[in-house]
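Each remark here refers to the structure printed beneath this line.
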Amino acid sequence: MGINYLYPPFEIIRNQDRCIACRVCERQCANLVHHYDEDKKRMTADESLCVNCHRCVSLCPTRALKIVKTDHTFKENANWKTEVIEDIYRQAQSGGVLLASMGTPKEYPVYWDKMLINASQVTNPSIDPLREPMETRTYLGKKSAKITRDGEGRIITSTTGQLKLDIPIMFSAMSYGSISYNAHKSLAMAASELGTFYNTGEGGLHKDFYQYGKNTIVQVASGRFGVHPEYLNAGAAIEIKMGQGAKPGIGGHLPGSKIGEDISATRMIPLHADAISPAPHHDIYSIEDLRQLVYALKEATRYTKPVIVKVAAVHNISAIASGIARSGADIIAIDGFRGGTGAAPARIRDNVGIPIELALASVDQRLRQEGIRGNVSLVVGGSIRSSSDVIKAIALGADAVYIATSALVALGCHLCRTCHSGKCNWGIATQNPELVKRLNPEVGSQHLVNLLTAWNHEIKEMMGGMGINSIEALKGNRLMLRGIALHETELKILGIAHAGQ
Amino acid sequence: MDGCHQRIPLEGAFRNSSGCAISGIIDRSGKRFTAREAITSISVMHDRSNGLGGGFAGYGIYPEYKDYTALHIFYYSSEAKRACETFLEEHFDLINLSKIPTKKHPAITDVPLIWRYFVTALPTKLSFSQLDEDEYTARCVIRINREIEGAYVFSSGKDMGVFKAVGFPEDVGEFYMLDEYEGYSWTVHGRYPTNTPGWWGGSHPFSLLSYSVVHNGEISSYDANRRYIEMYGYACTLQTDTEVITYMIDYLHRRMGLTLEEVSHVLAAPFWSTIEQKEPKEREEYSYLRNTFASMLITGPFSIILGFKGGLMALNDRLKLRSLVAAEKAGRVYFASEEAAIRVIEPEPDRLWYPSGGKAVIVTLDSMQEGEEHGHQLSVSAL
Amino acid sequence: MKRIYVNEMWCLGCHLCEYYCAYANSGIQDMVKALKDKQIQARITVEQRGTISFAVNCRHCTEPLCIKSCIAGAITSKDGVIVIDQSRCVLCYSCIMACPYGALMPAREGVMQKCELCTTNSQGQPACIQGCPNKAIVFEER
Amino acid sequence: MHYVMIGNSIASTACIEAVRAIDAEGSITVIGEEDHPCYSRPLISYLLQGKTDENRMVYRSEAFYEENKVTVMRGVRAQSIDREEKTVCLENGISLWYDKLLLATGSSPFIPPIKGLEEVKNRFTFLTLDEAKRLESNLRKESRVLILGAGLVGLKCAEAIIDKVQSVSVVDLAPRVLMSVLDDAASEQVRTHLQKQGLRFFLGDSIAECTPNEALLQSGTVIGFDLLVIAVGVKPNIQIALEAGLDVNRGILIDEGGRTSDADVFAAGDCTEGPEMIIGRKTVLALLPNAYLQGETAGTNMAGGTASFDKAVAMNALSLMGLHLITVGRYEGTSHLVPCKDGYKRLFVKDNHLVGCILVGEAGKRSGIYTAMIRNKVELDSLNFDLICEEPLLMAFAKSVRQQQLGGPV
Amino acid sequence: MTHITAGFMEYEALNKAVRSMEDDQITIEQANGQRYIGSALMDKHLFIKGTAGNALGCFLDGGTITVYGNGQDATGDTMNDGKIVIHGSCGDGTGYAMRGGCIYIRDSSGYRSGIHMKAYQEKQPLLIIGDRAGSFLGEYQAGGTIIVLGRNQDGRPPVGYFCGTGMHGGTMYLRCDTLPVSLPKQVSARDAVDSDKQVLSCLLDEYCTIFSFDKQMLLASHFFVLQANSAAPYRMLYTHV
């Protein structure tokens, strides 16, 4: 072993006056932090194992526990910060790539927080959403640019493959494998109840979830796990995953240790074999290859399903989006770099990509300039944290948003960012049956429904405030936004004026 | 510039990437033929383009002017034309000038002024410049394209010409009435830009002097290549992959005097692990080229067909991420992104093969040189 | 009548139901005071072996054998809720012998206790239900 | 409809409840020989111990009888039954007409023929409240008590009085205590435990002859006493049934429905001899739960309902000076002695069924699960027998069983 | 048997026509690079004459496609079941993420053939190539079987560079006398023994019948068996923040 240079990052503070030694902390910690000392007749903890997931804190009936960041410190150094030093220790010890999960914790600007929303005063009326009609229904898909008529001169209205959303919020892709069966079920049940969609991610669709098909988006990623005609036809739409905000340009890798019976069956790969999703689709090396896959999927589903192409927000995203809009895709999903992941190399998560706000603004602008905004719907994700983020995204030009981290938080995730360990104490990012059962989908889906219902109310309130009673009227309505503390370039990219202007 | 181009970011104002279809035909005997077969070939690959760019390069098409540089120029305003012609008159003898004949085509719109000049360098200017004629011409072309707004030279070789537009390539062929030109080789390109409404100048082939390149793919090394090549007086005004590839070939082949095969060892240098498996002599050469011109290594998917005086070269990236098929029938050699695009004009070739990644296939009027590994041979006949 | 049903599938074996039960029936306002350093007296028991666990408490049978077996007449049904009058109980264990669920247990005071659906403490809704983090026990009308 | 019940007991109370569940209107008359409200006889030892009092011993409150419109005639003995006339003749001359009659006449202590017994002035039995009270009033700190019989009644009596007197001795012909309900090893545990509490045992012996204050045992031992309690057993009260011409053996013979040989006459409780589920023939099971269930069954059938009590087994829950004993069923078939840290456990398996158990101390925890297995004839290969031997857990049952029993997904 | 002449027909129309036909035996004459022929086909037998376009038989789900001519790129992309027989060669990415069924290629196939091949229980995909395959054969192979027969290769390895990169399951059989150079670490190679030949004999049965190859002659040659030496080759690559 040698010397371990790393000091445990957290301390477990147990108020022994309150602790009744019920041992729920011990029973519920998959990291084996807590134990009961028979001699001392009291609970103790090994904090070096703690990941600060708060399971014990949340369940402690007497609130005898809290977890604090250790104040153990290196000599202060603004350049060689603690995390920098510790990362070097880790790599020096292991020789491994630093792996991390969830969205980046680094301090990058969050543009959502630097935009303010308008409200009507005097000159045009605001609307009371509780008592007056207020519409948030959204259709996603290609809008035909030409009017065609039948023999009797009636307009032919068949617009193939439109996704109807009662709320402009969908659950974005998280594969069965990266998250648990119960997490998936929670999402599926909630999407069903809310009239929106959840996304299988790239891990295939468990046979139990075919019943939620009409609220399901099935994903086709580079590994093509669980992809077959029945799967493609099971959902309401097909998403081609080209990239993910948290890890643009790289693939995924679900270790063989997580490929149990069910996942093996769902992904259709041998038990305990690694599930490797390469960085690229090895049949898409150019834009016309994307078109080839888009139409391969349309052919396979007889042109009944809209095709979504999901890409990570990267430097030339507007160019990429323009290409996609011309590739036959019906919907473009853009995932910003603050988006989450079950596991990604930390350096990539923290340094690659661009914020979704800027990506969205420039894509929407570019597609409009090129006159092809109607070719596609735009869905954005990558850290949508609240209804006001949703409002801002739509005002910048999105048709709808994808949420994932917010959804997981609603399911109990405490953002401890150790998904890759497979020991998620909240039953979300784990395949261990004992942990998986901690997430009762009945409870989980109810939380999701509550969250989105609440958000929808808030969206309506804010729309009402702007005097808007239909979500279409907000889409791309950038006059409803003002920047605060942003410089010229940022305002220009966002296409908004500064507060006060 | 017309209104459209002012509203939309210009090609060259941003990094430009695209996917495509390419095709090329050469008759090694030097026998000349029209662009019809090239048009037919590219039309089979309609789905690989999106109508935002198409173009042709024909070699041996101006026999009567074969010693003169043929400049093909787009003008977006009469001011630009005036300014450009003034410049040309200052630097060249203008032997002949005319509008390039076109035919109205419903799918080809926003047509600029398209002019053709047969020129030769003014001897005084040339000698004063202490440059050879090619370099002199090249610098003039680059200057026009960089400095005269609204004028764009898109072809500047001898006894060859590039014809391109915004549209599907088959329509572009009809638009330029290419049935009426005859050459010993043709390349053609169908464009699928990912980011632009298309600009005439941005269509392919891209050409400098007698080099023309049609290209399929998007390279990842673009800015490393661009910033390096710009040291040598090139200006990548279009910010397209094809442009930088053309300049690199011009630099390596014309200015550095590398053979085309050696050029391919720079642009698509093999992996070090592959180089290390070669014979010592070869290994040294490969290592030298890769090392010396390290910044001209192209990575990312590409397949190109280079047209040059007297030949064609086809080259794939070293991972062969783009499709490229070659075929031979009697004296004719065919290249295309898809087999069907060859079969449609030559159903029964003598030989058909996929060149290996990074292995150039070089065909000239008197010889043919393939990469040292022949790639993968295809069955010519199924039965 | 609303009854407690056990969703074994969702039981985590955390035993919180036992603690909330013991607390609710302790008559003490402060949980710490009620439970600290004491052997808890819960009216619900978590059966746990390996990876299986579930809570068991009185099913409030419609044919309650405990009532029929009680020699002291201490167990009665109040609108379907089976309650025990501890002042009458003589701790003979007849009810233990009779209950097919093993849902009765001695209380500290030398009498038997059993789940009375928190009708007799101030909880209203059974405390175990409120304390269960995963809806592994539910209080429902079926 | 007129319902008449002879005996104011657990059985007749259950019968009242069952009748009223069907027939809210018919008249109900209960004839009780003792001049007490219905009380639970097993409580008399607890009464002496002070764990209960006469008020709390009352099985059902006055309100119960009011609500159920029941006429209770206390302190009156039923003399005879005229089945032709369908009347019950009471000793006070009153005659009650019945449509349906329940015999819940209970049992009486058996008094063995012992020479000189009649000479003993302070002689008691231990079955009724009156006897218990009479005993209690005769207890003195310095009393030496001799109990004849080391069975359930004798030992409960011993427990009840040991702290109130100088000494308690127990004599039994059987070589061990609780001969009828325990095996050797359990008996031994119980005896040791009781001895530690101060009881003196004279087992495998019997009283050959009594003087007013001494008992001469068969072995020759002489035990002096101030009070003598006879607790050698009980016998069903069958006289009235016998005289009425009903089929009678040791007890009044009944079927699963509580019916006697007369369709309008039912019987329940200690007086009966009914079908036992394991051996499959009729036997006397003088046990409280049995009395209740028989009474309830009879009541249902008397009121025109359909009920069958086919799960009668012996079962005893007994605490003796802090030691709890639970026994159920029969001790036949293969025996499984399960090692217990704190107690004693023996299970009996026959034909893939659990048929009996003996549980002492902590082993009795949740033992109703065993009882249910016996009563419900659970197929042992359908569950985890090793586990359930170790501990009575619902866990040992198949998931589907748990799902059905507990009501939720497993 | 129904005949369609493809010629310059657009693929959408062609495929629609194929799907709408009641006949389950269809011949497509003069195929000219039309894409997606037989996409997600379940039960028909298509005979294609000419050059089949990209993504031939993508998501194939049980039907049979016989090509008299060559296939282009992405033949049998993500096919789930059924059979593709090529009397000729194929382009790049043949059998990408194949999950079941079989692809028989008489001659050769391009780069990245059989990559991402999977297997699950009874779904055991099989790709057989007669002559040779391009570089990156069987990249990311997770299951199933790839056989390259190396006909006309004079015993040289019938594959390009980087054979079996990232392979973590399944089996490759190469008929040749020497191993391809620089196989990646995670691939182990051994000589085929009798039991392997028995397996091969079964796997080659139908293939050899279709193309009238002499199976015994082929089997008499030397084969290498390539397998992943770990199902989880990248286990040790990471450390956690």
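For reference, chains read A, B, C, D and E in written order, and residue numbers begin at 1 within each chain.
We adopt the following convention: a contact is a pair of C-beta atoms (placed from the backbone, for glycine too) under 8 Å apart; a residue touches a chain by one contact, two chains touch by 3 or more.
On a predicted model such as this, the values are computed, not experimentally measured, just so you know.
Contact with subunit A and subunit E alike is made by B. Each step here moves to a touching chain, and the least such steps from subunit A to subunit B number 1. Comparing the chain pairs A-C and B-E, the larger number of C-beta pairs in contact belongs to B-E. Among the chains present, the centre nearest to the common Cα mean is that of A.
Between subunit A and subunit D the centroid-to-centroid distance comes to 69 Å (mean Cα coordinates, whole Å).
One simple way to say how far apart two chains are is to compare their mean CA positions; for subunit B and subunit E this gives 35 Å. We define each chain's centre as the mean of its Cα atoms; on that basis subunit B and subunit D are separated by 109 Å. In this assembly, the C-alpha centroid of subunit C lies 28 Å from the C-alpha centroid of subunit D.
Residues of subunit B found to touch two or more other chains are 47.
For subunit D, no residue reaches two or more other chains under the stated contact definition. The set of subunit A residues touching two or more other chains comprises 292, 295. Taken together, the chains touch in the following pairs: A-B, A-C, A-E, B-E, C-D. Contacts from subunit B toward subunit E in the complex involve residues 43-45, 47, 271, 273-274, 277, 319-320, 323, 325, 338-341, 343-344, 352, 354, 356-357, 375-379, 382-383. Against subunit A, the residues of subunit B that register as touching in their complex are 7-9, 14-21, 47-50, 52, 192-197, 216-218, 301, 321-322.
Of all residues in subunit A, only 87, 90-91, 93-100, 222-225, 227-230, 232, 253, 255-257, 264-265, 267-270, 272-276, 278, 282-283, 292-293, 295-296, 299-302, 346, 417-418, 420-421 touch subunit E in the complex they form.
Those residues of subunit D that touch subunit C in the complex are listed here as 14, 40, 42-43, 46, 51-52, 56-60, 288-289, 292-293, 296, 315-319, 324, 326, 328, 364-369, 371-372, 376, 387, 392-395, 399, 402-403, 405-410. Those residues of subunit A lying in contact with subunit C across their complex are 17-24, 27-28, 58-59, 61-62, 433-434, 437-440, 442-443.
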